[in-house]
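Heads up, there are several structures right after this.
Here come two complexes built around chain A, the first alongside chain B, the second alongside chain C.
After this line comes the complex of A and B, so read on.
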């Protein structure tokens, strides 16, 4: 169990001529909530898709809990995509059943309880659900797997602040000490206080990886403020810092 | 009481101060059981590891007493609480003096201003 839950070495991903990841070295420990932070197009979604095996790296290697990405690692990774992939004719409880059939580690009872607390009507069809309802349902499904690594791609985009608080609360009260949660977002101010660590992704590279309170202590400012600084210098002339 | 977190300082320090304040004001009385870390973290909307660190600091400061099985309780040592309260009051006085200094008043004006203000409020 002391293997790093995530280990990336020289990870490169190119789509044709376009380089999405330009050599990422990253190690994540167990029991952390990690923010994967970067502006649009910095490679957040590409990195997450490589971690869950939806994409193959062009160069470099990814290991999850010490193992190369494959069926074994997929069984312990719970992934929330940046868009909903469920058929819209399905009802909430159909999806709960689908997850129970597909994932050995899915806790059906916990999910049904969570849906009740979130006041989700599981008899409703996906088609009829509001965006916030869909996101909450999807998060409940993903967080109710007893996984070792949760990869949440933009879980708070496009929901109102109250729903956002609820989603963040669901995350901090439902992960366990042996698992790590990776949350990608560009809305840092909202999630900063739930994070242990922040990873800044800039132009396909991990340019910073530190504890959130370490950053605050060293910089005397919030991660949000630092983020604005790091990414404002884009396009400025001059040499390397 | 609500949790107030600002951007410029580590979150765990702010949490330590705010839980300590609840102890000093008697909201968490001496000897009482403190809420579980997870519960406090959920209340404040922060990471449980961060809250854990804040509570560990309270133990180090002697305001909380930890036990592996029974959770954390507020210390029953009145002297520790009194000392911490005194220290907070000193910090408040320091901030007051700094605010006056910024306006060009010296420490000699401080007493007079306090007395006048106290009189106005009866």
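After this line comes the complex of A and C, so read on.
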């Protein structure tokens, strides 16, 4: 088994004239919870989409567990996008069935139990569900896989503090411990306590990648405080006050 | 994996079409009953002889409304089939739903095939439902329609003349060949749409407009290219360009050859569009 679950070499992504990633070199080990941190527009979502094959790199290469992105890597990557990806005609139990059909690592019983605990009515049509219910269902589906890599794109953005705690708790108590969890966010304060490593993305480049404890010891401050310092000059959103 | 994809695409199809298909059949039955009852009543009361179709203004209006709605539902069915094919591909693979479909452990070609087979099946079932509902509508009434001149006698005569030299076996064979060609034409049509949508998706902005533009450009190119194979095909099977100048098909062998060459051309075009779509989804996918 390849030691690195994620390996990016000289990763460049351009959208027309705009450069979203400007040469990212990044390696992530197995069994870590990694914060992919950066302000809006720093390239977090682009990097995650490249890792799960929704975008193709302009230059450079991505490998998951030593393999190029394809059906084989998609079978071991569990992705939570920053939007709802359900078809309106489906019901909750259709989605549970779909995940069970396509992902060998999906734990159907665990998901059904979780849905029951969260009082999610899986007989309800997605179209009729509230935004919060859809988010809970999507999170339950993604976290009930025993994946090797979880890619969670802004899982706590746009929700109240109580919901943030619930989401983080769901992630921490359900992920496969031999796997790596990548959480992208600019809300550092809320997730710092659960992170093993932090990656700072700035203007499409990985400007820092270290263990959270190492950063605290070396810099003498929290990751949140360092983040505000690094991104202050940007004049953009840099974490929530 | 293709089987699993088809399972979900067919369920989506059923949710969308069940009501339309049912409506077509029910309306055909209602329209048939209205017409049959009115005519039957008048005949029974001695106001009219069998085969005599005069109705009072109210009955005529009722019957007319039924027929109009029935025809509208038939047309709607094929519009829905086309919209379904485009929408399931665009929304399902290049819209938000694409975030799920492209992260499933399947190959892009399996995703395309699933959408394609489902769209083709929706069209075939719609044709069958249309035929069944027309059958219900004219049941016990069709012969009189023809005799009364509703269907032009000259067309009927021309059809009879055209197939008279052929044996029943050949007529069935021809029908089967035409059906196969229609299926191939359906595949080509849908894959041309898919290719146009994925080409439009390569652009950063105005992707829908660019998809339309791509479709128009492909169609224009095809109409230009068609001149070459048309001449080649027709010459090779002896339809035109004989020593005595242009002639028409005179032997059944020529008809079969023409149909099969046409079917082959549809399949070649379908394969080209499939490869273009597959290449873009595999190598150039950009779900932004």
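The working rule: the second predicted complex is superposed on the first by the 232 of 241 C-alpha atoms of A that agree within 3 Å, B and C clash if a C-alpha of one lies under 4 Å from a C-alpha of the other, contacts with A are read in each partner's own complex, and residues count from 1 in each chain.
Here, a contact is a pair of C-beta atoms (placed from the backbone, for glycine too) under 8 Å apart; a residue touches a chain by one contact, two chains touch by 3 or more.
Small disclaimer: the values here were computed from a predicted structure and weren't measured.
Bringing the complexes onto one copy of chain A puts chain B beside chain C with no clash. Once the two complexes are overlaid on the shared chain, A:15 sits against chain C while remaining clear of chain B.
In the superposition on chain A, A:72 contacts chain C only, with no contact to chain B. Look at A:81: by the touch rule set out above, it reaches chain C but stays clear of chain B.
With both structures placed on the common chain, the touch criterion links A:115 to neither chain B nor chain C. By the touch criterion stated above, A:52 is placed in contact with chain C alone, chain B being left untouched. Once the two complexes are laid over each other on the shared chain, residue contacts for A:28 go to neither chain B nor chain C. In the superposed model, A:172 makes contact with chain B only, not with chain C. Between chain B and chain C, it is C that contacts the larger number of residues in chain A.
Applying the stated contact rule after C-alpha superposition, one finds that A:102 touches chain C and leaves chain B untouched.
Put simply, the nearest alpha carbons of chain B and chain C end up 27 Å apart when the two models share chain A. Chain A has no residue lying at the interface with chain B in one structure and with chain C in the other.
Chain A contributes residues 15-16, 49, 52-56, 70-72, 74-75, 77, 79, 81, 83-87, 89, 94, 98, 101-103 to its touches with chain C in the complex. Put simply, chain B touches chain A in their complex at residues 5, 7-12, 38, 41-42, 44-50, 53. Interface residues of chain A, counted against chain B in their complex, comprise 31-33, 165, 168-169, 172-173, 193-196, 212-213, 216-217, 220-222, 224-225. If you check the complex, the residues on chain C that touch chain A are 1, 4, 7-8, 11-12, 15-16, 91-92, 96-100, 102-107, 204, 283-288.
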